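Take a look at the structures below.
Here chain A shows up in two complexes: once beside chain B, once beside chain C.
And now, the complex of A and B:
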């Protein structure tokens, strides 16, 4: 029972973490809260369904299609909703936030029309693979979700800290103008960031589809809000923080249900977030100076 | 100041006049349209949810009415004319539509409105005006109790759920149950209340009560807890969208016990979403499209040729409702509001496509719903 709930919590937490990674990347570089991230994630989930259920292609193709489609959505988001607002005189700092909210509503309505309301099943033989440990049923998907989230976190940390592109990205995050004077192609870096973040949303979408077998046009909103809470909990723009925050939220939600009252699931999970933030206002991994700098 | 006083005096007297006229209209109720060579001519007002997000319900309902109207009029004993008004699913629009219909003295009865919330405002008004009103899709508690003139032919949840529970409990020798319900929806909440009441009546042990919210996608935590407590039966008050996912995740986890659901769980979509995992769901419903009753199959065929799609529960309930009205008119012998009310209240064992129908003393439904279970990916009648 405890072990089963632990697995449930880690699975949920890993999914939260992957979504939060996309959030935190965009926030870290652009200082923008991308409210459309949840909807891009939802599109990734639907791509998975179309590819595996309708087209009957193998699962790896579903990942490729989902990554491609969400990357294109990410590019369009940057090109049409964010870039026109950047560096213009008199644009409120809230304008990009509002325009991403607009994109999120647009995407939700489009998916309503394209896929219809209601839940869509994700039927895939891969999602059925499981093994028994005593009375516990563990699904391969649950393990894969955890592994993928760890791999993504490590790859992202490595990329940000050790590669040239990552350095350029951090320089851009530090100061856009200075970085561009020093020869960093900031435009390209920003596009790259949004595309990578969106593609990660797409991966998360397919994983959720496989784990919970429920994909609907509204799923983006609640997941997006959770992702937002996690990056604040973990520290804005911090990759490790997104991972830790995701696991904390996932585990606390699960254990509230397991040992408390499921009616208070979200309430208690968010009370925990509030308490952590009272103790560490900058988030678990956040740095004070960085938080003040923005 | 004086002028204002004068003007308001004029206004008040004008209002009084309108009031007087209205009173006069009411007291000289419709009794015209009498028998002409044996046929009773009657106008019936329909209030339905025709525009807005729930327009599909209103469409099915009015289609059901129109189909029944055609058949009834062809038989020739009663000639019904329908006056259809749109409520848009809103209380205030339903009320004004009903007032418009009530003020027409030729209209002897009202059918609709679609939602229970609408009925809660329209019902008292109709009762006050002494016009019989019958809901065909209103399932909330207490609707027929609004007044003497308020009826319904839709089986309330409070009647359907216990029947399904009883059959499942007997078949599987259930001692312990787990409950799970959506706590952010009035409909699923009221279904849960009914389940809880019934559980107490049947003296079953509740091992746990779990909740979830609309649109949630992960139910593993709740289900793992339920699994650990080993119930014999799970009572789930959920709409089909969430319900199907709950069943899917439960079966994946290795929970094999049967589920009992409410009216919201009764949809072919459950099978679409959950596939094989939907096996073992019990629901009670008045409408089963695969019933081997020539009446039912004929209705489905006619409906399909007329409207190009399969009828659902709402179309079927509407279809039967107009037949009930026609029967009432026949028994009353004239198109009169009061005579019709008395005739309606006495309707007993009227055979319709939903089965044998009677009103109880309140004007509520008295009929045995069919218990369906999903087996091999299909809804089937549970013996």
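And now, the complex of A and C:
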């Protein structure tokens, strides 16, 4: 029982981590909270349904379509909602935040319109496949989710740490001006960041669809707020913090539901934020100075 | 040959005009220094040349080509590198990664070898190469910022107050390095408060006051110029 809950918690936590990574990348580079990230994630989830249920294509195709669609959404978000506000005199520093909130409402309405309200089941051929290991049951879906999340996190970490583009992204995140005098085309890096973050949201959308077997146009908001909670927990703009924070939230939610009251499930994230803000405002992995923005 | 030619640039911060028509020239292979009191517009001039600020009026030419209004990354490609005031090292990256970022635009095979070479020039950087750059001391950070800029193999190196806040011994070391950079064939435009030491290594100098060039001339002549001796060398002359 305990082990089973642990597996559930890790599965959920690894999805949360992927969502939070999207938030943290954008925050790191642009210094803004992308409130549309949850809705982009929701679009990814719907792409999964359309591809697997309506078109009856295989799961891998769903990932490709979701990545493509959310990457395009990310590009448009940057191009039309964020870039016009950047570097303009007299634009409030809250403007980009409001702008992303606007985009999130727009995307939610569009998805109502396109996909219809209410829950949509996410069917896949292997939903029921499971393994019995001793007394515990492990679902194939959980293994797939876990493996994909781990691969994604390792690939992102490797990319950020070892590749030229990844280093340019980190440099831009630390200081845009410095990166630009070192020869980084920071405009390109910003676009790249929003696209990568959005595509990760899209992948997470499919994973959530698989895990909960249900997708709806409102799911973006709660997931977005949880992602936000996680990056506050882990440290704003911090990649390791997003991963660890995701796991912590996934595990705590699972255990509260299993051993406590399932009604408090969604409150956990926010209880954790309040505690963290009181005890360690810069987050678990955040440095004090990182709280200053960039 | 003229490497850089700046003609009548005017740069604004919002409505505040920081540069009121600055013109200057930098000959290839020389060290040219810009002196001036706090707030004279030295940093603004450097940032405008490096593309971090766009001039409202005026023209900047590099090797005869109009480069006014280009982005910093485009200018670096043309051969203009800036070591900004306050160093601007990437503190959350390691010393080695900072050096790698210096060579960001290069794709040749010699990058690794060149990084080894600059670490020989600045042994402290080799010792600390896996350390986060933010943990270096001020002088070490300045060495890193200069080393990093050299790695882009610039034709023109812009140095904004490299000696600021450093102990006299380190200042002397930095000036020696600037001379070596010139001897290796890189042209240097140097902003300094340390007028005497700057003029000693420079070939030519400009003095700025409230956004204008008020004096210019050969460095030896400026060292003797009574106006400069009074305003900038007075206390420090030895």
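Here is the rule we go by: the second predicted complex is superposed on the first by the 276 of 294 C-alpha atoms of A that agree within 3 Å, B and C clash if a C-alpha of one lies under 4 Å from a C-alpha of the other, contacts with A are read in each partner's own complex, and residues count from 1 in each chain.
One rule holds in what follows: a contact is a pair of C-beta atoms (placed from the backbone, for glycine too) under 8 Å apart; a residue touches a chain by one contact, two chains touch by 3 or more.
Everything numeric in this text was worked out from a predicted model, so none of it was measured.
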Request  = Go through the superposed model and pick first if A:180 touches only chain B, second if only chain C, both, or neither.
outcome  = second
Inquiry  = Between chain B and chain C, whom does A:190 touch in the aligned arrangement: first, second, both, or neither?
reply    = neither
Per-residue touch tally on chain A - higher for chain B or for chain C = B
Request  = Go through the superposed model and pick first if A:216 touches only chain B, second if only chain C, both, or neither.
outcome  = first
Query = So, does A:36 touch the first partner chain B, the second partner chain C, both, or neither?
reply = neither
Inquiry  = Between chain B and chain C, whom does A:170 touch in the aligned arrangement: first, second, both, or neither?
reply    = second
Note = chain B contacts chain A in the complex at 183, 210-213, 215-222, 224-225, 227-228, 241-242, 244-245, 248-249, 252-254, 269, 272-275
Note = Counting only contacts in the complex, chain C reaches chain A at residues 14, 50-52, 71-73, 76-77, 81-82, 84, 88-93, 97, 100-102, 104-105, 148, 152
Task = Could you pull out which chain A residues touch chain B in their complex?
result = 1, 4-5, 8-9, 11-12, 118-121, 123, 130, 135, 137, 139, 208, 211-216, 218-219, 222, 253-254, 257-258, 261-263, 265-266
Key: Contact footprint of chain C on chain A as seen in their complex   = 89, 164, 167-168, 170-171, 174-175, 177-186
